[in-house]
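The following block contains the structure, expressed as structure tokens.
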Amino acid sequence: MHKGRLEAFSDGVIAILITIMVLELKVPHEADLAGLLPLVPVFLSYVLSFIFIGIYWTNHHHLLQAIEHVDGRVLWANLHLLFWLSLIPFVTGWIGENQFAAWPVASYGIVLLCAAIAYLILTRALIALHGNDSVLATALGRDIKGKISPVFYLMAIPLAFVNPWLASALYVVVAIIWLIPDRRIERTLAH
Amino acid sequence: MHKGRLEAFSDGVIAILITIMVLELKVPHEADLAGLLPLVPVFLSYVLSFIFIGIYWTNHHHLLQAIEHVDGRVLWANLHLLFWLSLIPFVTGWIGENQFAAWPVASYGIVLLCAAIAYLILTRALIALHGNDSVLATALGRDIKGKISPVFYLMAIPLAFVNPWLASALYVVVAIIWLIPDRRIERTLAH
Amino acid sequence: MHKGRLEAFSDGVIAILITIMVLELKVPHEADLAGLLPLVPVFLSYVLSFIFIGIYWTNHHHLLQAIEHVDGRVLWANLHLLFWLSLIPFVTGWIGENQFAAWPVASYGIVLLCAAIAYLILTRALIALHGNDSVLATALGRDIKGKISPVFYLMAIPLAFVNPWLASALYVVVAIIWLIPDRRIERTLAH
Amino acid sequence: MHKGRLEAFSDGVIAILITIMVLELKVPHEADLAGLLPLVPVFLSYVLSFIFIGIYWTNHHHLLQAIEHVDGRVLWANLHLLFWLSLIPFVTGWIGENQFAAWPVASYGIVLLCAAIAYLILTRALIALHGNDSVLATALGRDIKGKISPVFYLMAIPLAFVNPWLASALYVVVAIIWLIPDRRIERTLAH
């Protein structure tokens, strides 16, 4: 099976997820700055989730760039990833509604952790299909970022009950790690 | 007519349907676990419907994989399928709102039944266009899953008024039947 | 300019429009048939609008099938069409909310009339680009359906204030006229 | 990396943004013209934002037309642009809710200004990748429109606190400037 529709469908779902989060930014009835003030935590959580979904999209883009075909297992591994991503708007809204309270921040970490695991499963399904000596397997290499992120989430989840702002800072650290350019796949494909 | 836009449009509609269901997961005002509790039935119905729409997407993907061109009749058979799928978020929300009550569970079965019939009509329209000895016709073969699913729905609809949880269990059984890998089309195409 | 992105963008917008209308079908709090009763006019207006947007999508599909490239003027003629289509969910919801009252039914006709005119402008922009002896111009021919529809809308708008159900029946007639297979473009392309 | 998915994802996000704004046009409970009256400012702000997002889409379309490949930096420059565009429905809704009051009109200008800067950054990232003597660099030339728009926004933002309607008129002027056909890229590609 060709990868075209898997890409198109994933693009559609991710585009919708990244956009419907903005609906949580409810238009205030007041016409002044005071009306915007209660929206600050909603806005902050929106920015963080926009970046995380953006990271997943660019990674997904790179991943599928390195392969040519897919099978039924890959389709479902991909749907499984999209399922966890689809919960990000919900936990984002929960964080915004409760100004970064403990449970919302912890559940945010749980959803990110599940998404990270789902992404790992998708990677494995693709390598199983293309072989350990494929461009993809070489490009991913030891995949340090992919392995370090779940550790951060596992630390942040209990930390949220001690200090939710520190836990949120850990999520920001993960986002920054991913935003630092990582040319593994680009470089391997260029060879 | 080329099949490209039929795929793109269906991907768009299905991507939106699978995503807007998550909007029924209303962000709770409470910041603790108690706030999540009333969302449990909403979440369960979301997971079930996510899987059903995922099944339709992968089946649709396989189906269109096996053909090359479409005509006006196929376009409308496809829109007819999308219409019934578009009602899934509504019945899903109704189930979630009323904790798997009789009428919502029965109406869920009716919508699934109509979608299954619409899928059958789409299959027939495609075979009519490509011929009984086409790759598609061979790949579908006797289509046992496609024929057994409506029977389950027909049993579940009256059962919902006796025991809605048993009826819901029947829907889960259908989902599991479809999730068991089915390589008909993949295998036939590989030949 | 290639037509690819114009198709993709239009598919996206039309897919969203056809889907967000279903959000007007608000999940009832009651768990029985009585809860569905107030939704009947909303559902009827949804079905009608689903068919109209479906007609626009299949016509748009046929239209772009017959051409190869686009220019800036075509992009804006297309955006102009999408603008009027984007108002269909609003007038559909208004009809459903007020059980086919006079003003909503009349405004539905106004939006359909503007969309029909916008479609005509798009057709003209495409013919201007491809020439009067192009496949497209030949395929469209005298375009009887395209010319008769606005006449029906112009009749339905004042009629809505006399009898909104009769006016709505006129919309149904237009939908049926378009649903009758029309193989002009398919036939011309086959030559 | 090929540009295909960047286009598809951007099309998806922009299609959703241009469409969800219409959800701010809340269906009135009244069935007469009086019910539509409070929607007039909402409608006006919708038309203005529809045109602005339409301008961004056609410009984005032209921009990507002139290039062939993208890199990680371009992906993020594009996501950055989409982020600011995603705030347009919010400020549009705020303007509509408060009948073109000072703060909403000023914040509209701020979002447009940030989007214009983000577009400029995207242009620079693309030129950095393709070279100063590429088709793209030649096609963009001195880019007068791109440089004049931020000046108008910078004027409109403080002006909103003196006279929000005059500030809004400045936005309309910018929209008209962009709507005047601009064949730079089309012409250069034609060579």
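Each chain gets a letter, A, B, C and D, in the order it is written, and its residues are counted from 1.
Throughout what follows, contacts are C-beta pairs under 8 Å (C-beta built on N, C-alpha and C of every residue); 3 or more make two chains touch, one makes a residue touch a chain.
Since the structure is predicted, the reported quantities are computational estimates derived from the model, not experimental observations.
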item: Identity of the chain that, by mean CA position, is farthest from chain D; value: B
item: Fraction-based call for chain D against chain C, same above half, different below; value: different
item: Fitting chain B to chain C on CA atoms, where both chains share a sequence, rotation angle to nearest 5 degrees; value: 90
item: Cα-centroid distance, chain A relative to chain D, in whole angstrom; value: 26
item: Gap in Å, rounded to a whole number, between the CA centres of chain C and chain A; value: 37
item: Residue numbers of chain B (touch at least two other chains); value: 8, 12, 15-16, 20, 23
item: Residues on chain B engaged by chain A in the complex (per definition of touch); value: 7-8, 11-12, 14-16, 18-20, 22-23, 25, 27-33, 35-36, 47, 50, 54, 57-58, 61-62, 64-65, 179, 181-183, 186, 189
item: Residues of chain C that touch chain D when the two form their complex; value: 1-2, 5-6, 8-9, 12-13, 15-17, 20, 23-24, 71-73, 75-76, 79, 82-83, 86-87, 89-90, 93-94, 96-98, 101-104, 107
